[in-house]
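Letters are used for the chains, namely A, B, C, D, E and F, taken in the order the chains are written, and counting of residues starts over at 1 for each.
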Amino acid sequence: MATVRLMADDELSAEAVEVFEEIRAARGTEYVNNFWRALAHDPAQLRATWDRLKAVMAPGALDPLVKEMVYLAVSTANSCGYCIHSHTAAAKAKGMTEEMHAELLAVIGMAMQTNGLVTAMQVEVDDAFKV
Amino acid sequence: MATVRLMADDELSAEAVEVFEEIRAARGTEYVNNFWRALAHDPAQLRATWDRLKAVMAPGALDPLVKEMVYLAVSTANSCGYCIHSHTAAAKAKGMTEEMHAELLAVIGMAMQTNGLVTAMQVEVDDAFKV
Amino acid sequence: MATVRLMADDELSAEAVEVFEEIRAARGTEYVNNFWRALAHDPAQLRATWDRLKAVMAPGALDPLVKEMVYLAVSTANSCGYCIHSHTAAAKAKGMTEEMHAELLAVIGMAMQTNGLVTAMQVEVDDAFKV
Amino acid sequence: MATVRLMADDELSAEAVEVFEEIRAARGTEYVNNFWRALAHDPAQLRATWDRLKAVMAPGALDPLVKEMVYLAVSTANSCGYCIHSHTAAAKAKGMTEEMHAELLAVIGMAMQTNGLVTAMQVEVDDAFKV
Amino acid sequence: MATVRLMADDELSAEAVEVFEEIRAARGTEYVNNFWRALAHDPAQLRATWDRLKAVMAPGALDPLVKEMVYLAVSTANSCGYCIHSHTAAAKAKGMTEEMHAELLAVIGMAMQTNGLVTAMQVEVDDAFKV
Amino acid sequence: MATVRLMADDELSAEAVEVFEEIRAARGTEYVNNFWRALAHDPAQLRATWDRLKAVMAPGALDPLVKEMVYLAVSTANSCGYCIHSHTAAAKAKGMTEEMHAELLAVIGMAMQTNGLVTAMQVEVDDAFKV
C-alpha cells in the first residue's frame, strides 16, 4: 500500500547496492527492511540517511538502547506506525525487556497527558527554567 | 499569558496544599513551578497527576534520567514549549551532560526525519516486525 | 511577531470591510480580533472562513458551547496557542464555568495519554468497533 | 499487528483480572476490548488508567456524551485510528445521533483549518484574550 | 473500516448528487473516491468542502502541481494516510515525475528534522525574521 | 529563552567556524541566524545539517522557491514557530509574492481541514490510489 514501489535487489542502482551491502554487514543479516527498499528510488537520500543514522545511533554518551527508546517515543508522538514497529523490534534486539518496555510506555503516556494539560492551559515558562 | 490564573500559596485548597507539600519534600526545595500552580484549580487532577508522575518517573527498570530524556523527546514532538523547558532542566538536574544533550537532540532530529519519510511513502510494516 | 502584518480598519478592501461589519454585528462589539486582521490580506479567504465558521458554530444538534469546547480540544492537540486563547475566551463567554473548564482539561489530558499508549502499542481495531 | 500481544483472560495476573471484572461490571458486557488486553501486561498501568478514566469520564459539570466527543476530537488531531474507532462507538452508545456526528466532524474540520491558518501566520494573542 | 458508511450513488440526497456530478465533470471520470462518499452523509459539508477545494486548488499565483505537493506535505506531517495516497495520485496525474517526488520527500524529511531540532532547543526568533 | 545558549562567533570550535563561513558565503551576508548558533554546540550535527540542507534545497527538479513553500507547510503542521518565521523570510527572499503567500496559506488551511475530516471518518484508501 506504499506510495512508492519497494525495490527488489535486482533493480537497485550501483550506489544503492553499496548501501544495502553496508546495512547487511552492520546488522549481520541478509534481510533489508522495507524502509530502505522504498528509499532506494533516491540513492542520494538513501546514502545520506544511512550514513547519518549510523553515526547518530552509534554508542556515545548515550547507549544505543536508550537511543532506540527515544526514537520510539518520538515515532509514537508522530503516529508513525511503521517506525513504531521497526524501532520496537530494534529496541528488543538491543536488550529492552518487557519491564523496560512497560516503563517506557508509561512515560510516553504521562508525557502526552501533561503535554496536553500544559498546552491547554498555556502555562508560562518559569524563569527558573530559562538558560 | 496562561488561560488559567496561577494560584498563589494562600489561595490553595487543603487538598492542593497537601500535594504542594509533597512536591516540596520530594524535590527538596520550596519552589513549586507554574504547571502545578495552574493545575491547582482542580485539586483532584492535581492529586492524580502528581501521584502518577511520581510513580512513573521513579527508578525502576529504566533509570530516572532516561525517563526524563524520553519525556523531553515526546514533548518536542508535541511542540510543548513549557514541557521542553521544564524537562530539559529536570534532565540536567539528574545528570544530563552537554554531550548527552547533543546526542539526544540528534536522535530526535533523526527520528523526526525518518518519521516524515516513512509516512510520506506509506511504507508497509515488514512481517518480521510483527509480534 | 506575526509573519503577515495585522491590517487596520483604514487599510481594508471593500470586501474585507463588509466581512468586518458582519463580525461586529454578529458579536455585538466593535472589537475585531487579530486573526481576522491577519486574514484580511486575502479577502476571499476571509469571506470563506467567516461564512463557514458562522454556519459550523451555529446552534444545531450540538449547542454552541459544546462546539467551542471541541474547538479548544482540537486546538490543544495541534498546539495552536492563539486558538487556545481565543476559544477559551469564547467558551467562557458562552457559559463555560470553572468546573466545566476543569473537566474539559481532564478529558483532554486523558485522551492524550491513551492516544499515546494505544499508538505506542499499535493496538488493532476490534471488529466490534467497525461500521 | 500490535507491538505487544493481546492478553487472553487465562493469562491475566490477579490484579488485571480484578480490573477486567470492574470494566465488565461498569459496561454491562463480557466483552473487554483490545486496548485493555494490550495494557494488561502492566497491571499497575492498567489499574491507574482504568481508575482515572472512570473518574474523568463520569457525569459531572459536563455530560458523558460531550466528554466522548471531546475525546474523539483530540484522538483525531493525534491521528489515533484505534481511539477514533472506539470513541466513535462509545459516543454512539451514549446517544450521539448522525446529525450530532456530522456537526462534530464539521467543527473538527473547521478547527483544523483555522489552526493551520493561525499557525502559518503566527498571529499574536490579543490582549483581550489574556487572563 | 471507516467510522461512517461510504454512500453509494443510489443513496445520495439531491444536493449530494449535484456535487457528485460536478466532481465527475471537473475530473472527466465517472469515479468518485471514498472521501466524498463518506462526506455525503452531510450534504452541506460536502458542498462547502467541494466548493472551497475547487477554488483553492485552481491555477493562480501558484500552479496546481505545486499546490498538490504542498497538500501532500501537510498531510504527511499530519499522518493522514488516506490523504497521502490520494494527493500523491493527484500530484502524479498533474505531472509530478519520480525525480520531483524524490525531491519533495527529501524536503519533507529535512523540514521534519530541523523542526525537531529547533523545537527541542526552543530557539528564539531572530529580529531579522519579524515583519 | 532557548534551552541551549546561542554561541557567539568567538566561542565556536574550528569545525563550526568553517560551517559558519560556508553559510555566510552561500548567503552573501555576514548574518548567521539563531538556529545555527544553537546547533553550534554540536559541530558534527551542525556540519551534517548544513551539508544536507544545502543539497536538499538546491535547484533540481523542483525550484528552490517551491521547496521553501513545502518547508513552510511542514513547519506549520508541526507548529514550529521559529521555522515558520525563518522559512517565510526565506521564501520571500526567493520571490514569494503576497499573492503566492495567500494561496499557500489557503492550501495549508484546506489540507488541514480535510486531513481532520478524513482522519475523523477513518476513510479507507481507494484501490485506485494504490501503487
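Brief remarks on what is shown
Convention: contacts are C-beta pairs under 8 Å (C-beta built on N, C-alpha and C of every residue); 3 or more make two chains touch, one makes a residue touch a chain.
For each chain, UniProt lists the protein as follows: A, B, C, D, E, F = Carboxymuconolactone decarboxylase family protein.
It should be emphasised that the depicted structure is a prediction, and the values quoted were computed from it without experimental measurement.
Common neighbours of chain A and chain D, listed by label, are B, C, E, F.
Compared on C-beta pairs in contact, A-C and B-D come out with A-C as the pair having more.
Look at the CA centroids: the one farthest from the centroid of chain E belongs to B.
Distance from the chain A centre to the chain F centre is 21 Å, each centre being the mean of its Cα atoms.
The distance from the centre of chain C to the centre of chain F, with each centre set as the mean of the Cα atoms, comes to 27 Å. Distance between chain centres (mean CA atoms), chain B to chain E: 34 Å.
The set of chain C residues that touch two or more partner chains comprises 1-4, 45, 49, 52, 74, 76-81, 84-85, 88, 102, 104-106, 108-117, 119-122, 125, 130. Under the stated contact rule, the graph of chain-to-chain touches is complete, every pair of chains being in contact. Interface residues of chain B, counted against chain F in their complex, comprise 79, 84-85, 88, 98, 101-102, 105-106, 109, 116. Residues 1-4, 6, 31, 33-35, 38-39, 45, 49, 52-53, 56-57, 60-62, 66-67, 69-71, 73-78, 80-83, 85-86, 88-89, 97, 99-100, 102-104, 106-115, 117-126, 128-130 of chain D touch chain C in their complex.
Listing the residues of chain A that touch chain E in their complex gives 1, 3-4, 41-42, 45, 49, 74, 78-80. Chain D contributes residues 1-5, 44, 48, 52, 55, 125, 130-131 to its touches with chain B in the complex.
Interface residues of chain B, counted against chain E in their complex, comprise 72-73, 76-77, 79, 81, 84-85, 104-105, 108-117, 119-122.
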